[in-house]
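Look for chain A in each of the two complexes below; its partner is chain B in the first and chain C in the second.
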Partner chain A sequence: MTALGAPKQAGGFQPPTAMGIVLSVVLIIVALALSFLLVQTAGLVALIGIIIGGVLIGFGVHFVPVGGAPAAMGQSPGIATGVAMLAAGAGLAGLFAGAWAAPLGLAIAAASGAIGGGLLMAITCTMVNVIYVFGMGIPAASGKVAKDPITGDTFPEYKSQGTEGHGLPFISWVGGVIGGALGGLGGTLIYLELLGIYQAQLPVILGATVEQIAPVAVSLAGIFAIGMFLVNAVLAAYNITGTIEGPHDPKFKRFPRAIIAAAAASAVAGVIALGLFQLLGVF
Partner chain B sequence: MEEIIFGIGITALAGALAAVAGAAEDTESDIGSQGDPNSQVQLAPQMGYVHRIFNKAIAGEPPAYGLWVALGAGLAWAFMAMQINPILAIVLGSALAVFVQGVYATTAYLGRTASLSKFEQPVYIDILKSMTTVTMAHAFVAIFATVTVCHLMNGALGHPFPLPLLGLVWGIALGAAGSATGNPFYGKERQYQNQAFGAGVPIAASGNIVRYAEAGQRNSIDNGFFSAKLGGPASGICFGLIVFFELWRTVVFEPVAAGWGAIIVGVVVILIFAIIDRYIEVWARKTFGPYTTPEEASS
Partner chain C sequence: MTVKVEVGAGGVPHNKVMIYGLVGSFIFLYLTYLNTYLQAPYLAFFGGLAAVAALVWGADTIKHLCSYGLGTGVPSAGMIALGSGVLAALFGATTGVLTPIVTIILAAIIGAITGLLANHVVRMDIPAMVSSLTELAIVGAITVLGLATMACGTFEFLGMITGTFTFLGFTVQTYGMSVIGGGVIAVIFMLGAIAIQHAFNACLGPGEKQDRTLMLAAECGFLSMITVAIISFAFIETYAALLAFLVSVIGWIYTYKRYIDLSKRDAYAWLDAKPIIEPKGGA
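Entry: the complex of A and B
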């Protein structure tokens, strides 16, 4: 405790509270039970897939190096935009790729989603360094660590005066690609689970063939996948509070809290998406 | 074979359109200070630096472009359903979306600037009249090009997502690519042109943005003129490469090894970008050298 009585500000690890864990576990169990009641075993399996997808997104966002406003002035390292926005950009590009590969099966679609997200981040992170180096004449330097854990480059002497570092060191680049890949994988997983459920339910409800309902099923699954992606990305952004450099940043250790929150949020959002038609039927 | 050649042609066209969209998007957001540098435009009057820079940042670029491109794509989709020619439908949809962007820009500028009245920052009506139309013109180019890319993905390449959903996905990706690449160039290199080249802006200098031009006071059209030279094209290359590689690996290599071909090529492309990035990083360290000796830095 400080002299003012305020709780100590922990920059790095902030463990989840017991209350948070209990509440999340209860929410997840209730959601799993509801999914079983509404859509039987298929619903239960799909909701587990959705929860895994949501957790992957929440975890992946912590890898993405985001510098926010200070990065736009070369005052801190990272990409000069918001956490949730950049993660959403990468994850949705992954979802685009995964949805395209959906007819080829779960494994290829999920891998394609991961590569789609990773590819967007690889190109974006490289272009960030291109603009820093060739547009502004500034080398990359981390503000959180003295040495790059991958390349061994030292940073303190490459930090310009009055700043906390700038650009994207290689460890941040790698973190960005991993984050984009996890986001794309998670988003695709949610999409595929929902698509499977809608493709089974809609022909019965609408009395039509699988081909006829395909546009409705794809649109609904896509919209819910994007929505759940944004929920998990924003939750993780709240956990990060502001900026993060990547996996080497002390804030990265906060991820267990985001994983629990993402699992609970995905379970609640997922059960509504899965039981959409049953819930609509009630009204 | 013909199908693949057709696909490659569409991919190249989509990549080129995406490059135009990225360049227009970044220039638009720089004129409107919509990226992260908006914090400095908003901070400057509070530090005593009254200015004539346009500021319409009430949402980040990715969600704002997600809205406008999804709106343009949705309207174009509706017009196409009414049997209107696709090109005309995309033009009409984009034009209507741009009106929404214009309303957004006007209310955002008035709201953000009026909130600074206690710091004696005036709301310049001439700025509102001249800048809003310029951002609308750039936004039209960005929205039209992105909606066309989405239409090509859906109509010519057979992506299962409907046009409005593709608009949302690629609008957000466009904003993410444009803000990531273009923001530092506008924020550091233009707003802080008075600071030393080749170094970050010291935190103590925050808010002291450049407010004077060669003649008279600087405005956001001057800023657009500057960032259109490098920040805009670099953002265009970034978004163009993303769209091109995303489509190219699928169109050409998906038939290989039951779909795994596209994934392997994707991994190879990522590794190539890793090598390029590392080369640039090492080149910068060697060419620019350290700011201080290692002993000084660690002391």
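Entry: the complex of A and C
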């Protein structure tokens, strides 16, 4: 980024191209129209829920402190793995927690999903710091800011030379938990919307009771929620390009791009998932 | 930007690998359709072979995409491939005999959209992004469809959601004992996601050779096939599942041996050492 002759970046990051914005808006509108045509108002409401879920996932990923390979050697702060892996872990944990609470209603299930995702990240972040501090003997020090915005701890005197910081400062821990909670909430929201649609459609198509089709509806909603979760998480990971320390990292300001991309991608994926049974038995 | 991931030059051109992978997996998928004319799904294993053909192609695509240095790790490419692929595969499965065609077209559309979003909204600005994500979505879709077909003997949606179990001598039809209803689709998802990204993730670096990477991709594919063949004992006739299991094991042993040979070849070339030649007729 600092190389001589590199293109100047407006405000720290390149904004989306006009074509990108137009494409996203058109895709979202077409998807909303299609969902209304295929499954009427219920489809429209479900697709809006799916888009919100996707946006929450794309936004949440930016909070998670991702260290990548350098973190494994204690040369950069964060958890020592890639964005996709961390997001998948938090999202799936959230999805399990939310799916378990699905019969208790939308609010409780969504809250349960958020707690599940947040809990997984809290445990991961804590254990990462336990290993860093007691196993590798390195203190937590951010390389991007001089002072922790929450605790006020200073970092430069603890930062080793030649590194970008190391360990997991408190602000990154908090970011990880927020990110996990948002991811779990978003994944659960997608799952619940799809489950509602499938539980209404499948008994009619297959001529069976809701209890009989429950395994199919749950499995389909679950696998599609996982698929959409990973698409949104990877798009957000591409937005971050590598490592991020948490909400205090300058890269965090790039999140509007990921929100647009996640909204458009979820709209397209969502309308395909909602229209799953439209061609069943036609050919 | 992060460190450029080194890839070896030379080998079979990517377009050739793509054509072989696409045409091969397409033919293999349609060979499984002949099961409808047989007494038992003896040809189910061709679904697994379709997945292997697609995985070899996918590993080569990931190699091209990741040589640009995404900064997010190679697994993220595998995750977005399967995430978008599973949607296309299950939607395609509802279209009866047209399944492979619809799956490939739909996956290409989803992949192209995610590629455009990655380039124009998230601003990755990587020339190969759109084509690579399109290919990866098709690979992911074929992998899911192929392995699911292998598990239940058919690529038709109703076959994937209905199963039978015998209770006190009576055969009962149920939705729970099926590939989708039983949640096997989630296992297939992860088997495919790991198989697609592992090959290049393991082989990248200086001295990377295309034939070794692709042989590892085929080996991972056969390893996934073994797991799916064991799963398929629950859904299809024992002899058909046994045939699938034997094909998988033989394929795995062959590709594993070839991979070890190629690894030894490259390790020897890398060391720049000369082997000790044993004199003819013993020392």
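The rule is simple: the second predicted complex is superposed on the first by the 266 of 283 C-alpha atoms of A that agree within 3 Å, B and C clash if a C-alpha of one lies under 4 Å from a C-alpha of the other, contacts with A are read in each partner's own complex, and residues count from 1 in each chain.
As a convention for this text, contacts are C-beta pairs under 8 Å (C-beta built on N, C-alpha and C of every residue); 3 or more make two chains touch, one makes a residue touch a chain.
Note that the coordinates shown come from a computational prediction; the quantities given were computed from them, not determined experimentally.
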(message) What does the overlay on chain A give for chain B and chain C, a clash or a fit?
(response) clash
(request) Tell me which partner A:L86 touches in the superposition: chain B (first), chain C (second), both or neither. (result) first
(message) I'd like to know which partner A:A33 touches here: chain B for first, chain C for second, both or neither.
(response) neither
(request) Check the contacts made with chain A and report whether chain B or chain C touches more of its residues. (result) B
(request) Would you sort A:V25 into first (chain B), second (chain C), both or neither based on which partner it touches? (result) neither
(request) Have a look at where A:A140 lands relative to chain B and chain C in the superposition and call it first, second, both or neither. (result) first
(request) Look at A:I223 in the shared chain and tell me whether it touches chain B only, chain C only, both, or neither; answer first, second, both or neither. (result) both
(request) Considering only touches as defined above, state whether A:V204 meets chain B (first), chain C (second), both or neither. (result) neither
(request) Identify the partner contact of A:P215: answer first if only chain B is touched, second if only chain C is, both if each is, neither if none is. (result) both
(request) Could you tell me if A:G68 is touching chain B, chain C, both of them or neither one (first, second, both, neither)? (result) both
(request) Overlap the chain B and chain C contact sets on chain A and report the shared residues. (result) 68, 81-82, 85, 88, 215, 219, 222-223, 226
(request) Enumerate the contact residues on chain B facing chain A in the complex. (result) 35-40, 60-63, 159-162, 165-166, 168-170, 172-173, 175-177, 179-189, 191-192, 197-206, 230-231, 234-235, 237-238, 241-242, 245-246, 249-250, 254, 258-260, 262-263, 266-267, 269-270, 273-274, 276-278, 280-281, 283-285, 288, 290-294, 296-298
(message) Give the list of chain C residues in touch with chain A in this complex.
(response) 1-2, 70-73, 75-77, 79-80, 82-88, 90-91, 94-98, 102, 106, 110, 113-114, 116-125, 157-158, 161, 174-176, 178, 180-183, 185-186, 189
(request) Name, in rising order, each residue of chain A that touches chain C in their complex. (result) 1, 13-17, 19-21, 23-24, 27, 68, 81-85, 88, 206, 208, 212-213, 215-216, 219-220, 222-224, 226-231, 233-235, 237-243, 257-258, 260-261, 264-265, 268-269, 272-273, 275-277, 279-283
(request) In the complex, go through chain A and note every residue touching chain B. (result) 68-75, 79-82, 85-86, 88-90, 92-93, 95-97, 99-102, 104-105, 108, 111-112, 115-116, 118-120, 122-140, 146, 151, 153-154, 156-170, 173-174, 177, 214-215, 218-219, 222-223, 226
